[in-house]
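The letters A, B, C and D name the chains in turn, as written, and every chain counts its residues from 1.
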Amino acid sequence: MIDVLYFAWVRERIGLPRERLETTAATVMDLIIELRARAEHYAWAFEDITSLRVALDQELSSFDAPLAGVREIAFFPPMTGG
Amino acid sequence: MIDVLYFAWVRERIGLPRERLETTAATVMDLIIELRARAEHYAWAFEDITSLRVALDQELSSFDAPLAGVREIAFFPPMTGG
Amino acid sequence: MQVSVQAEPFDLGALSNDFAARASGAGAIVTFCGLVRDNGGSLAAMEIEHYPGMTEKAIAAMVDQAITRWALVDALVVHRYGRLAGAEAIMMVATAARHRADAFAAAEFLMDYLKSRAPFWKKELSADAAEWVAATQADEAALKRW
Amino acid sequence: MQVSVQAEPFDLGALSNDFAARASGAGAIVTFCGLVRDNGGSLAAMEIEHYPGMTEKAIAAMVDQAITRWALVDALVVHRYGRLAGAEAIMMVATAARHRADAFAAAEFLMDYLKSRAPFWKKELSADAAEWVAATQADEAALKRW
């Protein structure tokens, strides 16, 4: 089981801020492919991964990172703080 | 007649903050040569002009600048503001 | 080090004075404050979303790095989230160092990192539209200098 | 523009808040504050001499140049003279711009110019000595980047 969090327009497209999923995805990209196949609005949120960032257990990571041992994954657009 | 002002260690070496002088010096450097000849402590204040700056009528200037029309000349070390 | 991620407004002046008073041995204090910009007459409002937990950790890591790299006496980051009105203060950074070059460099470093590496997302709200602020090439490029 | 050359202490926080409140349309406020440094335990005192008349004109010219070059919304310089105790604030600069890069650059420009082109001279006073602060090569070199 993994907690999946969405922020900003990723959250708006998917329609919820977080969910708990059962997955066998080995990497972040595998999980994205699973999510895209779930429904139209997931496909829309994940259509262009160059406009997305990912954090694993609250650390910025990359799409080819393995998910083994990860408890929390977050998807969001590039940050705009400051 | 010209007002001559001294600041920081130039003032301390000469022993006064300002004086009014009659001079026929054509340039700043001519005036410095006149002043050096006045007394030992003037010679000491003006011994190394690379460690001095000059302002004519409150604008930074150079040692070869003409004195014609100048009412106020100031000698001081490099500034240390901020 | 002082890091605060908060919904409440903060007082730039009071925090600056407290920071300066604590910065024993410093010769230079730099502060930066980001404000909601007034876009041509009509004050915009702003909604700021963040990632609770990650935000504090990411900022503390940046501040640690700045303190070490520029031998800072102290550093502070305050960043708001939630709904902000036009001209309200969004965030502030303060750095204290012995010399001005270090205080300036550290403040600019922290700003560049907060812009692109702290998990905040801004949405600009006007009378008839709401739009997520896009990250810029310039902000991403600014990180390369450090 | 606000320029003040004064013997009296100033309130960094109050001036920062007033400056930010007036800076309508700005997205970025940078302040710099210079303090009398505590040199290893014993607080130093400082005596600052200046050239009344020239000082105000020289600073106003620098501020004008900064406002034009970085399209500043506003800028402020306050600089004290006379006797200052250890840890007291010597001077401050504030700049307001739409974007942070301009506010930072203008504040650094003003600091570099105030250091080497405004007619102030600092004397450091310790228990047993008084010494004029020497201008540094680094400060003079800093002007070259502008």
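To be clear about the criterion, contacts are C-beta pairs under 8 Å (C-beta built on N, C-alpha and C of every residue); 3 or more make two chains touch, one makes a residue touch a chain.
Quantities reported herein were computed from a predicted structural model and do not represent experimental measurements.
Participant: Would you mind naming the chains that touch subunit B and likewise touch subunit C?
Facilitator: D
Participant: Per the centroid of Cα atoms for each chain, what is the distance between subunit A and subunit B, given in Å?
Facilitator: From the centre of subunit A to the centre of subunit B is 72 Å.
Participant: What is the distance in Å between the mean C-alpha positions of subunit A and subunit C?
Facilitator: 26
Participant: Could you give the separation in Å between the centres of subunit A and subunit D, each centre being the mean of its C-alpha atoms?
Facilitator: 48
Participant: Spell out, as numbers or ranges, the residues of subunit C touching 2 or more other chains.
Facilitator: Residues 34, 100, 111.
Participant: Would you pick out the residues of subunit B that each touch at least 2 other chains?
Facilitator: Within subunit B, residues 82 contact more than one other chain.
Participant: Could you please write down every pair of chains that are in touch?
Facilitator: In this structure, the chains touch in these pairs: A-C, B-D, C-D.
Participant: State the interface residues of subunit A toward subunit C in the complex, per the touch definition above.
Facilitator: Result: residues 5, 7-9, 11, 55, 58-60, 74, 76-82 of subunit A touch subunit C.
Participant: Contact residues on subunit C for subunit D in the complex?
Facilitator: Against subunit D, the touching part of subunit C is residues 11-17, 20, 23-38, 87, 89, 98, 100-101, 103-104, 107-108, 111, 142.
Participant: Show which residues of subunit D lie in contact with subunit B when the two form their complex.
Facilitator: Residues 34, 49-51, 53-54, 57-58, 79, 90-91, 111, 114-123, 132-135, 140 of subunit D touch subunit B in their complex.
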